[in-house]
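The letters A, B and C name the chains in turn, as written, and every chain counts its residues from 1.
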């Protein structure tokens, strides 16, 4: 019965996807599963960062790529969720996964508030982006003065020496974190695929393409934009919980700051906004190149704080000017992969 | 028989300008009703108030017995009143089929059922072979047909067509006229159209309303309206008769 | 708290606000004419600030003397930026333009970081600690000079747009792009000029700002956001609105810093932004955006 159900879901997911595409995906997944055995510990942490960015990129992509709403303050959901899960753990010893259950609704509610205020009052486009920045900055400064979470001095999670990997408590060596993030990224990918093929996905695309025409076709644009922001916020919230328990510290400046929000969007923009695989590809390309840059600079004996950011800026510039759709729409046809189901 | 759509005393002002001035008329079910008049007469503004793109300042608009004046565009569409745009607005990055599926999903929960319905509409409008093409690559006549298909997919009782013949060559116009006539005959969908192309108006409409400076100056059967001296003077000119 | 404390803080806030206003004026010109949302505005200002700091520390040239040269440098920078990089983006969707400038902003901030390091720098002029006394009112010399300069530059700008033929041509472009083309105005050159002027404003504001605050590479983004808050609050497309908005924000900030904690003062600016965006998106003095 369960098997039949799973087969049904798999069939629905792969409906219209060519065998070639599935082969590529399977190969990639196999590679990622085997990675910790192939590469050294340092590269595992790099891969964790890549997957983290792939995950948050996909979550952001739901709002921007699918529904067309530019959010530049997405760090607020990461920060809120992280602080809630961390505080519950520190104060009451509540396990991170339960903490996530508490953090998710809060992040979703935050998204709902921002969305309601913006969409109800007709704040769109660049003004909406500025509004999202304002909220994130508000949170950054606010949390920087919030005594219960130790304000700007930062919130630290107690790190006990672990003797074994404990995924339930998110305590363990980097390899464990790697698999958690990999699972999350895969789940997010499947979720995005399900969303884009569904009724809600079609309505989002219509709104993205032409909101007024979408309304003329009977779509309640306000409602579906709300769905987009709430779902995007909810999915992003897991990243906050992960962040808290992986880095074991939270500073309002780092976690709510605008550079965090911008880092979140670079992957999807470079990879391809609105595509399924774009955010993932973008995360790999961006971080891969950045790490190579760092390695090259280190090899030449340069220690330039800010070089990586300049690099990100240049990448963004090049993509926006020369390849506005992102790398994936350019690359996919050359690999014989089409994201459109026939 | 009560009319499907009934306007009474509808007015719309833009600051000092009265675009639509106390317009009243009824559209019978399954009729094809044309609104004509010179540019700036207020035709599209009238349409916009009916379709929900803007709210009328005065008057009532009753559709299938329910008042719809002031309702937003998506609510109006859900009630069974679909529209096309004067400057076509397909969803550019989506395929032809996906464009119509969006419309079909209004009353169908499942994408599969919506796709089936969309495909039958595409067949009817002669776009089935191009269903995988991206909408932005279509020619103008095809884009117009696509808009009609998308509007039809929402299963309207009344179809509002805003200058759907504009920019079409005579053969294309005839083809569109034939399609609309067939649709009206086969499905009984009521059609309210704004048109400048008199060839199409005469071929399609059972009733014509003439608007000038926001005011109704004539209404009736097409043959009678085109001979009306006021209409000839303000819009058609003597040669058209 | 005694009244004169409030008065002094308020006046200080107003004077600082005038400089903010000049900065926002630059953004208003750029947005009003070229219709580009300049997300690198604060970062351009930080370039001017560092130029002022370097001129002072290396050549001992007072920022007020360097005001015109540095503004000229920023003018050139803005002109070249607009004609080479931004102009092709005028027809692209809003998001693209915005992200282009976000990219520029990131590059500027971090290049400054690499060159100058993260530490704060300041300009300690001979009159840095002077103040003037007018009855109960005590005003910092630096703020007074900065405020007066801001008014002078703004007045010159208003005069330029009102009375010179180039100024009128630029306003024509802003009002009616196609019409301007039809009458034969070289719109591309006028756009570049407008961007240059906006950059010059922000350059001048930056130089004045060095008299008031410490300079780090990371303040760029803060000022960008502040400029947006001011322009949106004061009203897009209204130059007077930018000044009024600036003064308003400067005043609110100063008083908020006095009544609450100083570091939380920007929260009020954001609170105001949210309120304006929701309830009066055209701002105090603006026209409804087309």
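Note that contacts are C-beta pairs under 8 Å (C-beta built on N, C-alpha and C of every residue); 3 or more make two chains touch, one makes a residue touch a chain.
Since the model is a prediction, treat every value here as computed from it, not as a measurement.
Of all chains, the one whose Cα centroid sits at the greatest distance from that of chain B is C. Among the chain pairings, A-C comes first (most C-beta pairs in contact). Per-chain CA centroids place chain A at a distance of 43 Å from chain B. If you average the CA atoms of chain B and of chain C, the two centres end up 50 Å from each other. Remark: chain A and chain C have CA centroids separated by 34 Å (rounded to whole angstrom). Within the complex formed with chain A, the chain C residues making contact are 37, 85, 92, 94-96, 98-100, 102-107, 109-111, 113-114, 118, 217, 221, 225, 228-229, 232, 261, 263-264, 266-267, 270-271, 273-274, 277-279, 281. Chain A makes touch with chain B in their complex at residues 197-199, 202-203, 205-206, 209-210, 212-221, 340, 342.
Note for the complex: chain B touches chain A at residues 51, 53, 72-75, 77-78, 82-83, 85, 89-95, 98, 101-103, 105-106, 109-111, 114, 132, 150-151, 153-154. Of all residues in chain A, only 70, 72, 117-118, 121-123, 125-127, 129-131, 133-135, 137-138, 141-142, 144-145, 258, 262, 269, 304-307, 309-310, 312-314, 316-317, 320-321, 324 touch chain C in the complex they form.
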